[in-house]
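Here is the structure we will look at, set down as structure tokens.
A, B, C, D, E and F label the chains in the order they appear, each numbered from 1.
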């Protein structure tokens, strides 16, 4: 699959989820490098930069995308020849992909320990890291139930219940509005993250902030599962995470919109959860307080250069 | 339309909204009385009781339904002949219907005064009393904008944006999950009610409690528009308002459900908002603190007998 | 039993519990009237006043005591002869006692409706009105569990678990400090009251305010069961309910105290719960918002004269 | 005293308090090593492991116990002969004991500075580190008063008031339930800790969480005094601190329990205080925000291996 | 003094304070009636209406002004002759003035009971009703201290400290910003009110809402002293209390303003305190929960007609 | 200007603002060193110590003063001759001054990024670091409005509006009491700091804590701009930041004070804001969570020695 097709699939959300996007971008760069030719190494690098930019411009919010691209692109920096650069990109991409997968697995192991027999765990959207916690807990023999939301407008909840069903985990599906109704039954909320700011603010799927508030009101634990490349070191320097607003057509059909010209659809994809509503962030390096986000950024400096 | 058909349409939500249901039930009893015959007045009354029971059993939560039926049925109590009873039922039903319509209009006038030029007002679901406030404010020349939610699973928000569009009120449509994202733009939330308990707890469309919490977190005013027959005097005696759970098919198609046997859909239609999150309840008798719900019940004793 | 002995037993807490004290005082006045003689009706009344004062001085906090005495004493006001006065006192006392018992029974019926199958209900101290809710729910066939606290320093919790055991209600006993540990299991807290102020502040057994705060933090319902003679109308006029501090010997033995002269024991018997932490107050006239306490005082004016 | 006797005394709480337990275990291992013999070093080490396991199994919650045992056991790892191992264990044990004592003294110095003339300081249970703050403040000439709780079911408050009395610090003793009643008089709360999780959650004597909540409600400072070996690095990896439930006989006598078969005693020894209610944690390395617990764990890696 | 001069003095705040304004307006109408002549009673009444309008237009917020004018104007309604009308106005004005003074005195008696020996009471602005509580407590022999704010921009605090000094009450003066710094020393806050809405929202001097929030954060009691003519029954019908913005010259001198054209002064005179931050409202009819404001409006219907 | 004159100007607040004071002190020491002579290097150093002490004693709260003095004084430690010491002091002072200025500029760049087009930003007092954010945002072309408080008793707000006016930033001036009235219009609060404790507590101009609370109540972001020498490492060791109380004459004229002997003026210059109300602290090393204050202290150890 060409890099441009990958970019398009990211843009149209055929490829989605912060980790999946990051790995697809790394893979696309690696593939692109394989076939790309150019008169000299400088020209080659410049074409790679152009390609990287195409990927970068697909989605503005999830920080895993620039983090992945950065890691891959940085690898070719000192290459003197095209084959050397190609090799470096290939290694960097495959190393990012495998360490990203390992991170999810590691988080799954840590998160599974918070799920006890008899628990009810609520999740929102379709986070691989959050699901890893649930699936690992099931593999570890834990007996629990999940409540999953629908997740308008993209119905990611339907993917989630499919995964949980396949793993044999009993699951309740509810509309997004019903979280406060059911929260008294819930022992633990686990969600993923698209970007984590220096002060622990978590940007994640629209609705997450509301759920965190509801959990806080009823003193229910709220845990975020996030690989370290979800941390956004540029927030140290004041660059805030932008929230993408997508096409109104995802929410309301063109037909109805045409009939109702004074109605505007607003379709933000993410929202922000303050650190005060988060008990723990689970990373592949362990569980931390959300207020310690800066420590992850500083101790794992690979991601910090673009700040 | 026969009473049984009305009952069926209420049950299947073709007829919906607490006030509309109440008026439809009053109308159905009146029509039923018109054509009903029986050997004697006792038998006639007994048949009417049976018919009333059919209507009562359609929906368990909205208190306007039993309140309306009670008012109509009580009117025939002292009737000695069938024609006398028919007449009484007819008068009581039409009086209930008109006073119900007046109540909505009166609330509209009161509520409109809380909407100032430049305001952004958020509403949830499709409450006639809440819409009356918006429409009256528009008629009064106020210049404001509305944010309306989709309202899964029944998409009542689509009805709401149609009404607002027809009235020329600029409106934003958002998914139910996005309320916390937009709340900083909002000056006022207005919603309706299906039942109000003696301590001011408001039962309304699923999602309302979440919105009230979000408004409270950001110190945004939250107002409930509710005709007096939404107050549930039986809560004085400890009978709590039950929350109806409806068919899973409203949330997830039978096809998907068949494929995912370990997934259960939970579909509560309403939730509960505590009085501490409500600034005002608007009734046709004026605005009150939610904590004064008991005063409305006591001062307007028509509804209190079934307690 | 002489009035002086009753007074002594109230003072030493052999007779305890706000309702029991009130009824014992009414009974003691009635008995006292029976045997009391005097040269004339004025002298007789004056002796009764002295006797009433003895009872009044036994405990300073629970408002049921002055309310009961007031009702009984007021009855003899217009009596012209000693026999007439005796008769009036007897009737008033027995009427107070029976209406007090009825009030407890009525509250039991209302409160029982809030207890659903599967519930865990927490109670503190040994309130007859609160227990009536539990016992009635059991009689009504409800299947639930109770968590009871020890209630230092007087171990009233031991009386409570005896009563619950006798009724066949499964019960957990915990130390007073453990309420926050178990609150996530709790669906409902029900306690009694010694005095209720005009703004809904509830004075009850030491520890109640802490439990209410804990319930509020976890969004667990908190209900107060209180007969109408627990309302303190003198708070309308600014007279606050005093909290009795009792003998240090109830908390620490004289032996240890003698050894530790720089240690002072402080032993307040009651504390105060603000209305914001209370969902409902159950009276024999129905459930109300705590903020409506004034309405009970005004609508049931029997208790208001001593303000 | 044999290691088995120490283990027994820890189990039965004759030896109690997280620091005391830790030092007793280190001492017991050192003594055990002195007399223990075996055919060869491998067998000797294996016997030591068995002995360590006996100590470890005595109490499940306080993390100082495994931390101490870990430090002592790790010292013998590279020993080639039994005498060498014995020597290493002896040095490690005595070094742990003295650095533990120094930690308490150091915390005392830091904590004393937060106590000003005229202050009222509330403490709960019988923490050596918390008491060190009070005793040092007294030695520094500060003039203040303490409020101490009883601490059911083990009455550790009685030990505390003895210590404070001996130091000449004026002290009030109150029942555990009375904290909210007195909190308005309090300037500062200081308590100890049995285990501190990576996100700053403090596990301490049952009742601590309730007191922290009460202090938070009234904006009273809440400080935890905790030597660094109270930090539980295994929480980084998702292993949560278990709360021990002890024998019902500690709460209710066997006689009463026999008479009340439907009554169950629940006797958790600890509870958990969230970091949001804690102003500072005082360690021997200085005062920190509870959210910085991870930094202590990382900077003082001695304790981290068993994660 | 002519009615126009009174109006001018109210407008320029030479006459200020909600009660003082109300009494001055009543007096001015009475004086105006005395000297006013007209061809016939209809013309006379019409001139009086004009005069009343002049007074009404002076200040928009304090509801005591329209309430007083309404009471006086209503008295002449049925008068058939000018002398009769004059007499009615005179009686109504003097009756309003004396009952207003009595209301302040009565509130003083009630409020004084909340002030105990050793208390520190904070007040803001220069409310006669709030001061009456302090002065009465002093007369009753209570030993307490007051903290008074400066009250920018009009320095009403300087008037307050003069009054307190004259009464021999020890007083601390602080800047408006320092309330949170001193709140831990405070036992009680007492302020006045300019208008009270149906749901208990209190409109009072700018800064009051901030102080109420600060008191709430530290669990310090907050009491509002307000004569019943401060209640605004028109809020039942949705007419909100407007907050007056006054001349920038009160905040910044014309000289500086001329030099800084891009600086705008905003000078709102009042703000709003939500009922959730108010423990009690003291009226001449007794203390009530702020949520009961509607009950005062309904039970004392004199003020309700203009709704 | 002599060191003594600088000291005097700091004391009388002719020189004010934490950064300005720090730089003036460094400059004064440098100048003092230039002209100071002594028999030998030991005597010279001792005279310098005396001079440093004079500066240190001028103001007790702002930690930048001792931090600056410490840095300058430490530089001469190893000097063997007077000229060598003079040189070292000169370099250290000028290096402190320039890095202090750079810090302000760097913070300005970071903070400016948080200010978006259309924003309303509230500031209190006259912090150079906070102003740098506003001025840089303006230079970056951002279109926003500022609300500035007056800042009693020193009217620092007047300096602030002058600066903002000169930069062409539209600004509203309000009294300190009006913050809660306007907070709903505010998108962001930015203030400076005089001292930051190890747990993130910020000591700043009186009124700051109140504003932070108000912002928190309405979920408005609250940011502190603070150069790293505002962090107080001695708080690690329990030495709390003292709040200076200044002369009553700053608040009330001697004339009025003489007339009102029972009135006492209390004039604290600073107050404390807890970390829970602060979203971010901006330092020259980037934005951090307030809970990470310890990390700044540890990573930038220059300031830590005097703890």
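Going forward, a residue touches a chain if its C-beta (ideal position, glycine included) is under 8 Å from a C-beta of that chain, and two chains touch if they have at least 3 such contacts.
Everything numeric in this text was worked out from a predicted model, so none of it was measured.
Identification of common neighbours of subunit E and subunit F yields B, D.
Fewest steps needed to get from subunit B to subunit E, stepping only to touching chains, is 1. At the interface between subunit C and subunit E, two copies of one sequence, fewer than half of the residue numbers in use appear on both sides, so the contact is built from largely different positions. In this assembly, the C-alpha centroid of subunit D lies 40 Å from the C-alpha centroid of subunit F.
Between subunit B and subunit F, the centres computed from C-alpha atoms are 57 Å apart. In subunit D, the residues touching two or more other chains are 217, 276, 289, 291-292, 295. The full set of touching chain pairs reads A-B, A-C, A-D, A-F, B-C, B-E, B-F, C-D, C-E, D-E, D-F, E-F.
Subunit F makes touch with subunit B in their complex at residues 184, 187, 217-219. Subunit B contributes residues 109-114, 276, 279-280, 282, 286-289, 291-292, 295 to its touches with subunit E in the complex. The part of subunit E that touches subunit B in the complex is made up of residues 198-200, 235-240, 274-276, 289, 291-295, 307.
Those residues of subunit E whose C-beta lies close enough to touch subunit F in the complex are 147, 149-153, 158, 161-162, 164-165, 168-182, 206-207, 209-210, 213-214, 217, 243, 251-252, 256, 260-268, 271.
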